[in-house]
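Right after this note come the structures.
Both complexes shown next keep subunit A, but they swap its partner, so subunit B is in the first and subunit C is in the second.
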Partner chain A sequence: MKIGIPRALLYYWYGFTWRTFWEEAGAEVVVSGPTERSTVAIGSKAGVDELCLPIKIFLGHVRQIADQADWIMIPHLIKVETGAYLCPKFMGLPDLVYHALPDVRDKVCVVTVGPRNIDMLQSLKGAALMVGIPERQIPKTLDVNNRLPALYELAKSGYPRQSDLQRGRLRIGILGHPYCIYDRCFNLNVFDKLNGLDVDIFTPEMMPGNMLGIGSGRLHKELFWSLGRFQFDALEWMIGKLKVDGFIHLSPFACGPEAIIGDMLERRIKQAGLPILKLLFEEHSGEAGMVTRLEAFIDLIHYRSRVC
Partner chain B sequence: MKLFLGIDVGSVSTNIVVIDSNGQLLDKLYIRSRGNPVGSVQQGLATVLKTLKGHEIAGVGTTGSGRQLIGTLVGADLIKNEITAHAVACLNLVPDVQTIIEIGGQDSKLILIRDGIVSDFAMNTVCAAGTGSFLDQQAARLNMDIGQLGDMAAQGEHPVRIAGRCAVFAESDMIHKQQMGHKIEDILAGLCRALVRNFLSNLGKGREIKAPVIFQGGVAANHGIRLAFEEALGFPLIIPEHYDVMGALGVALLARDKMLISEQPSAFKGMEIVDSAIETSSFDCDSCANQCEVIELRQEGVLIACLGDRCGKWSNRVHFSHGVRETVQVG
Partner chain C sequence: MLKVTFPHIGNSYIPFRTLLMELGVEPVIPPPITQRTISLGTQIAPEFACFPLKINLGNYIETMEKGAEMILMAGGVGPCRFGYYGEVQREILQDAGYEIDFLVLEAPKTHPRELWEKIKRIFPCHQPHDLIRALRKAWIKADLLDQFDRLANHVRARELKRGQVSQLQARFYHQLDQAVLLDEIQRVARQFMEELKDVPTRKDEQPLRVRLVGEIYMVLEPNVNFHIERVLGEMGVDVERTIYFTDWVKDTLLKSIYDPNWRAQMLAVARPYLKNFVGGHGLETVAHTVEAGVNRYDGVIQLAPFTCMPEIVAMQALPAVSQDLDIPYLTLIIDEHAAEAGIMTRLEAFIDLLSYQRNSRGGGKTREVVSGY
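Presenting the complex of A and B:
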């Protein structure tokens, strides 16, 4: 039996967990390939115009994997931790798929992620029974808390490098949602562009677990978006421990939560006296504007560090 | 005499300046690209030829959105982004400048300078509302020259309120006001205010705009926009004499600095590119999932440059072509 997993949204966090579960249960796992322009095109055709680009990409992946798998695992992302939620579009993901892609409806197998790991295991067990895996084959534990797909994407682009430990090179902190940072097609390959500019980059997923909750805990009010909280934790880690020289924030053009979180991040970064470059992405594939901004930003940091 | 060239290939215009080693501007040129960057650079170089005759070209720099392509074509010694180029040109002109407002064809930029270095910058995001292209379009719609549009806007005494957030809404607002019977001067003055409002709230958000402020880029020629800025900011703007070619000037200065220090000969390919037939072609490489868009540049049928591939599969071919005309076109 083949289980298809779309390589989109929080796949970059939970992909490994899902994959190991299904493989231990004896199923074959097919993950859709990296996002391509055709994925975006298929997704935009399926979805309504008000969807953001990451959701369109998700729909594109679902469509592309539908023919290769017997079942498609659709993550139902309401809250992945206690006390915080995800975007409403994530909460309605299964319904979105039902209505945007009615022909794959019969193949959908919904798995609720969170709030606790035990809940995800329960949901995965239920899904495994539903697709007809005998109960004795279903794993009793879950391999959680590693974000291997994200780190794999990083390693593929040559990061983190050995030279990260060297002094003297510029350190850039990348902020944003995992599917914005690690999807090369989405962000027009920002990693490669930065690679060419000879800087070291750090992403939130590289943060050690003991930094969780510190940055977001310092806010004057609790944030109720998980992805926002995570970025604030990472921000504190990057400013306090890594002493990065500047930040690049990647976000989808039409992202509601990021409109607020991005501004809050910017204020905190300005307070620390560091520069930030915000990049917004839509379906455009013209890279000239982005490259100009990146180059100018790196120039700016170089000039600043020379003076200080 | 050693001369240095700066070429700024923007979305709307192609600018070329010639400076000497003291940074003195000897010749400048502002021409419309009309969607043909290569042709406009050829045409531009042909025009400045008379200034260059008998002198050594000791350095060439390119900037603007077409900087890579043109840089490869002419053999530039330095390829630099516009923001840095603009800042360098301004600092050279007004050493204590604090803020630069630059509005070009598709980009608008706000550059903050503190203690003589760029400390922060902002560029318009995915939307081009409020940039030169939009003003161009409106001038064409009203069947007037772009220069005329600025002068008329400056004459408006009772500016009407126009939505500046989005170019499409701004246009429909303008049409509506026209049909209501407002004077065209007042509508254009309102448009200028709306664009300035949009610029300041979008790019200026959370940033302190301190005087002296330099206003440059093609749109700086527009009196209406200038007046609207001065009204909103409460102090006069400095518009440099060569406001329209500041990017090219900046990159020429940078090329001069680089070449005077390195003391190496320029990589400039010479003036023969002016007369030769240059073709560009592009194709999607399907060798891997990257699907790079590869651009090939041919001079008289000979492949001289290849851009856009990440792995070097196509661009490395240039080193082996030895100026031989290809019999089979790979693209």
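Presenting the complex of A and C:
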């Protein structure tokens, strides 16, 4: 039996977790290839115009692996931690897929996590039973904190490991949702461009586990989006421990939560006296515009560090 | 006296004024939403924040010009962005150099006492009987307003002299806003309900029936949705609004306490198209559209602010509903760049299509004769 997993959205967090689970359960796993322009084109044709780019990319991936797999796993992540949602679009994801791609409907295997029970192993178990895997084959344990796929994607772009860090190089903190940071087609390969500019980059996923909950805990009101909380934790880590020189915030055009989170992050970064570059991406983003802005931004930080 | 203000949402300023007055503070009502309000809000709000947030900010700035000292705002726990409005707006105003207190009314984090302490500190009349009286009076006003509006939409589609109902409605709002004593409130309401029922109407033809669904703020606030109810009504369309302020309060505040499964019916109706709650009014939009299709309405109009996440999920589901149940729908996305002419053209075209469809099906005037089912 072949289980298809779309390489989109929170695959970059839970991808290896899901993969190991299905492999241990005796299924063959097919992960869709990295996003390409054609994926984006298929996705934007399938969904309504108002959807954000990551969801369109997700639809594109689903369409692309639909022919290679017997079942397509649709992660229906309502909540992955108590007290916080992901995004309304994640909550309606299976229905978005049904309506945008009616022909894959029979192949869909939904893994619902939340809203009451946030145990991913149980949700995966339910899905495994649904596709006909006998109960004795289903694994009993699961490592949900395996955030490797994200870093793996990063390493592919030639990012230097922690031990290779050089003194005196500029440190740039990247903020954004994992599927914005690690999807190289989405962000027009921002990492390669940054590597060319000779800076060290840090992403929220590199944050050690003991920093979790510190930054978001300082907020006046508890935030109810997991991806937002994670960014505030990362911000605290990057400003407090890493002493980064500047931030780049990657977000999809018209992203709902990021409109609010981005604004609050920006305010805190400004209070810390650091520069921030906000990049918005949609299916019409052009590379030239982004490169110019990146170069100008890095030049500006260089200039600042020399003056101060 | 402490001057307290709150953002506009539809006609709710009338019950809010009563509530604040009864609690012993001075209400500052924001001026009606105009282009100035919108541009003031847009200037300091994040670009992709939803439209209601920007308008709220505009309201705050305009009330601060009138001397407001405290803002009353509701909160929530997601996943819709509305739950975090209070926090972001506080930060934005602070950054823009305005000094003002925020009172965000929401379920307390630690202990129910927390909310009580807040209320006690701010409102001079905070004894239980004061609170009950204030809430009761405000609720009665809100309820009467909604009753009147429901009937007004119905009558407006049939009025003989165009604009009569709207005039009456404006007069009713004004009189009810002025009324203080309970007797007075009841009398005003009775009198205007009678007048509304006496408005001369056409009896011969059945007007088109259209349902208004979508995001609550866009549906409730006429100054933002280009007075869609009035415009449609005066085109001779019987508009049924699916969201009313009192219903919303009843559902989210009361029903969630004594009947945690209050969404069950809606979920069941929307189930073939949308299986779970997606925040905001996304589920309601789909459920009400299904209902409209089943009950043979002529059309559905969905209103949403730009980038509204729950409504986008609903948008993806609506084409399937429309096809299965043969119900035409029109989505209007509104933000600070929406222009009246564009909205009107689309509304007129949609209504034309609906009436064409009805006539071509042998409906219209003759439909009343072939009754029987």
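Note that in this section the second predicted complex is superposed on the first by the 295 of 308 C-alpha atoms of A that agree within 3 Å, B and C clash if a C-alpha of one lies under 4 Å from a C-alpha of the other, contacts with A are read in each partner's own complex, and residues count from 1 in each chain.
Here, contacts are C-beta pairs under 8 Å (C-beta built on N, C-alpha and C of every residue); 3 or more make two chains touch, one makes a residue touch a chain.
Bear in mind the structure is a predicted one, so any value in this text is a computation, not a measurement.
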{"item": "Which of subunit B and subunit C A:Leu51 touches, first, second, both or neither", "value": "second"}
{"item": "Contacts of A:Leu96 with subunit B and subunit C, given as first, second, both or neither", "value": "second"}
{"item": "First (subunit B), second (subunit C), both or neither touched by A:Glu258", "value": "second"}
{"item": "Touched partner set for A:Leu300, first subunit B, second subunit C, both or neither", "value": "first"}
{"item": "Contacts of A:Pro134 with subunit B and subunit C, given as first, second, both or neither", "value": "neither"}
{"item": "Contacts of A:Gly26 with subunit B and subunit C, given as first, second, both or neither", "value": "neither"}
{"item": "Which superposed partner A:His284 touches (first subunit B, second subunit C, both, neither)", "value": "first"}
{"item": "Touched partner set for A:Pro275, first subunit B, second subunit C, both or neither", "value": "first"}
{"item": "Doubly contacted residues of subunit A, that is, touched by subunit B and again by subunit C", "value": "253, 267"}
{"item": "Subunit A to subunit B touching residues, read off their complex", "value": "33-34, 36-37, 192, 253, 266-267, 270, 275, 278, 280, 282, 284, 288-289, 291-293, 295-297, 299-300, 303-304, 306-307"}
{"item": "Subunit C residues touching subunit A - in the complex, by the definition given at the top", "value": "46-50, 75, 77-81, 83-84, 86-88, 90-92, 95, 104, 109, 273-280, 282, 306-310, 312-313, 315-317, 319-320, 333"}
{"item": "Subunit A-touching residues of subunit B, taken from the complex the two chains share", "value": "65, 80-84, 106-107, 115, 117-121, 123, 125-126, 206, 289, 291, 310"}
{"item": "Subunit C contact footprint on subunit A (complex, rising order)", "value": "47-48, 50-51, 78, 83-89, 91-92, 94-96, 99-100, 115, 219-225, 253-260, 262-264, 267"}
